[in-house]
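A quick write-up on the structure given underneath.
Chain lettering (A, B and C) follows the sequence in which the chains are written, and residue indices restart at 1 in each chain.
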Amino acid sequence: MKSAFKKRESRSGYFFTLPTLLIVFSLIIYPLGYAIFISMQRTNLISEWKFVGARYYAELLTDAEFINSLKISLIFAFFVVVGNFVVGLLLAVILNQNLKFATTFKIILMLPWLLPEVVVALIWKWLFNPTYGLINYILNTVGLIDSDVSWFDSSTSALAGVIFVATWKGYPIVMIMMLAGMKNIPSERYEAAAIDGATRIQQFRHITLPGLRPIFLVTCILETAWWFKHFTVIWLMTSGGPAGATKVVSISIYQQAFGDFNFGKAAAESVIILTILLAASYFYSRAIRNDND
Amino acid sequence: MTMIKETMANEKKYGLMSDVKVARKITNLTSYSVLFFFSALILFPILWIISTSLKNEEDLFSLPPQIIPENPTLHAFKQVWIDHPFLAYFRNSLIVVSAATFISVTFSAFAAYGLSRFRFRGHGTFMAFLLASQLFPSIMLLIPFYKIYMTFGLINTHAALIITYVSFTIPFCTWMMRGYFDGISKDLDLAAQIDGAGRFRIFRSVILPLSWPGLAATTIYSFISGWNEYIFALVLTQDEEMKTVPVGIGQLVGEYRIDWAQLMAASLYALIPLTIIFIFFNRYFISGLSAGAVKE
Amino acid sequence: MVGTDNGSGQGRFNVIARNMGATDLGKNAAGKYVAGQDSDGWKAALKLYKDAVDVGCVPPGQFQTGYPEASVQIGKGQAAMMITGPHTIGVALTANPAAKGKLAGAPIPAAAGVSATTSLNQSGYAIARRSTHRAAAIAYLKFLLNKENQLRINDVTYRIPSRLDAQADPQVNSEMSLGFVKAGEGKVFSNPQIPWYNSIAILSSPAYQAAIKGDKTIDQIAKEQAEKARKIIADNG
């Protein structure tokens, strides 16, 4: 009796998941296999193909510059994800109170997400431009600075700058996901808590946060993965400079592949990143599994 | 002690207004300040985008910078359609992104329901697999994708972009919807099952109607990711008639010169469909609120 | 100063390094490739970049100043000099038509004992043999290449025409572009035509950025980049 039920459960499970499985599988397995294959070749993808085995992996794992760009990616991803969550969650909580004009604010606050990354990166780069950017002009006029500040000249400020712009662009998705998650928390819980005299902060800690947990974890994992391998904003704003201070792994891969035409090494870098992110998500997904049981 | 004093003072000040109401007023004030602060931070560059789009070539880099253009002109808004086939770009983007969004949201809702309601062999692996598919640096996907589509003669077609965008958005949509379905009580399924409904019917007529906020969020997510995707569209399309809006916008950034006014005008045009989508689906967030009442 | 970490910055640095007597990828007497990143000339070029920024004769924000930004600075009078070609006059005048007649080109000076040299960027067209609109393409190229149209293009873009008779025209030899014509008539270098040259070329931009930042000494930077270059040569040689 029980096993028949289980069987039917399985069949339904497969029925619902199969289409997605097929799409993702067919578009992931080949590229992955291909990348692993070329990571062991010295190749420009056209005329040169030479098997080099694990040489690139060995080189990369002892290459201080590569290790450094992993570190920069980690710092970048950490601050962007934390920033996105702090801003996104804060705004979601406020917007969820259904204040007057909430919809207007919601649309304004969504705008960065609607703009193409290229435009966002270019516009901020222009605003921050030391000689003809608006920010220096305004600060000069108000008297906060008396000479042109070049914002992205030091390693720290350049990294902080790209983190700021990435967060500006990236928080709305977290905000929207959290907002959707909050709509899923039954309002009776808040009403009951309010009757018990719980403050807003208490309600947030004991009702909102636990209620958001499933969506929170998913968004967190994917955000980490996205920003860890982010490319466009940094590439357009600093190209990895000054002197490699913002050279995240994606830029390293891009330069290796399309600057050096060393596709084998670029693929090896990608496989290493995949491994790191897999390991990281293993821990995350264990947290999720605990959550399920 | 001080608290009591404050409360008393407040009571005096606000007369009949209760403590709770005062607290509420203060929280609202804080809320609005936060909203205003962030809105200003968002609108500042966007106003610069609008201002730039209205400038003529000479005023672009004028010193001091002109926040309000001295010689405003709609030239760029008109010229961008004449100089570049943006009509075709918009058509392509709409076709590709609508199709990809529809497929992605439908399939992911299916998969998410399966993952949320059933335990089967490979359940955990599938979840992990969906996640893993998002972890590979996308730059290294370009070449293999190009090769696959080349083999099937799909380069320069809408189909290639549709499939690509589906594969990018489906994992997140599935995870997201799954989190959403998990929040809907399983008792509803059970009740419907006792009434004799099949699994598919339960999904369609019991669970989906309760899931509008989640579906709206995933639709917005899919649509926007596809609408703004640049690098794959750039590599997988070649003819001008097949390019998408972001590629068209990207082409305004030249090696020697950036056509700022047209770039900004085109970006503002590109915002229109997204804003419409957002305003339209935003209503479902709100209707989802009332649905929330029957959930538990 | 174009101080960005990209090909545009690298190309400009390369011209300066050449005029300091350094060749990033040269050949020795035995015909083998040798790295020039730790040569005195290369170091002198790095030092020039550093000094230029340190004494304050470079507009702020050199690391974000790519070609489009630098040409705006020239057009708006925020920068007085730039390592570039004649086309920049055209770009600068678009940003500021009032600058017409106020811009001029001059050959880059060379260090003592080094003969001045420059690079020529030639843009070409090709028509595929199996092109479906071959006749139209040929007609278009002929249209682009007739003398009158070459001069028209020059009038707007300030690019030097490819036709010699158009080059000889007084319009091209105006004071604004004469310096460029002169430089082009002198010694011209070209980079090695090998598929892996770009791997060497990209070593310069992190080097001048690091030199300007000053966290490392110029000797250190030069040594590191030369080691990388030697590894690339060994891998490909």
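Methods note: a residue touches a chain if its C-beta (ideal position, glycine included) is under 8 Å from a C-beta of that chain, and two chains touch if they have at least 3 such contacts.
Since this is a predicted model, take the numbers as computed values, not measurements.
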Centroid-based (C-alpha) most distant chain relative to chain A
C
Counting C-beta pairs in contact, which comes out ahead: A-C or A-B?
A-B
Find the geometric centre of each of chain B and chain C from their Cα atoms only, then give the gap between the two centres in Å, rounded to an integer.
42
Chain A and chain B: spacing of chain centres that average the CA atoms, whole Å:
15
How many angstrom lie between the centres of chain A and chain C, each centre taken as the mean Cα position?
37
Give me the residues of chain B that touch two or more other chains.
61, 63, 258
Spell out, as numbers or ranges, the residues of chain C touching 2 or more other chains.
72, 76
Among the residues of chain A, which ones contact at least 2 other chains?
132
If we count contacts the way the header does, which residues on chain C are in touch with chain A in the complex?
4-6, 59-64, 69, 72-73, 76, 78, 195-196, 198-199, 202, 205-206, 209-210, 212-213, 215
Inside the complex, what are the residues of chain B that reach chain A?
27-28, 31-32, 34-35, 38-39, 41-43, 45-46, 48-49, 61, 63-65, 67, 107-108, 110-111, 113-115, 117-121, 123-124, 126-141, 143-145, 147-148, 163-164, 166-167, 170-172, 174-176, 178-180, 182-184, 199, 203, 213-214, 216-217, 220-221, 224, 228, 230-231, 246, 249-250, 253, 258, 263-264, 267, 270-271, 274-275, 278-279, 282, 285, 288-289, 292-293, 295-296
Which of the residues in chain C come into contact with chain B in the complex?
8, 67-68, 71-72, 75-76, 87, 91, 94-97
Spell out the part of chain A that touches chain B in their complex, as residue ranges.
6, 9-10, 12-17, 19-21, 23-25, 27-28, 30-32, 34-35, 45, 87, 90-91, 94-95, 97, 99, 103, 105-120, 122-124, 126-127, 132-134, 137, 141, 168, 173, 176-177, 179-181, 183-188, 200, 211, 214-215, 217-219, 221-222, 225-226, 229, 231-232, 249-250, 253-254, 257, 263, 266-267, 269-270, 273-274, 277-278, 281-282, 285, 288-289
As the complex stands, chain A meets chain C at residues 44, 125, 128-132, 148-155, 158, 237-244, 255, 259-262
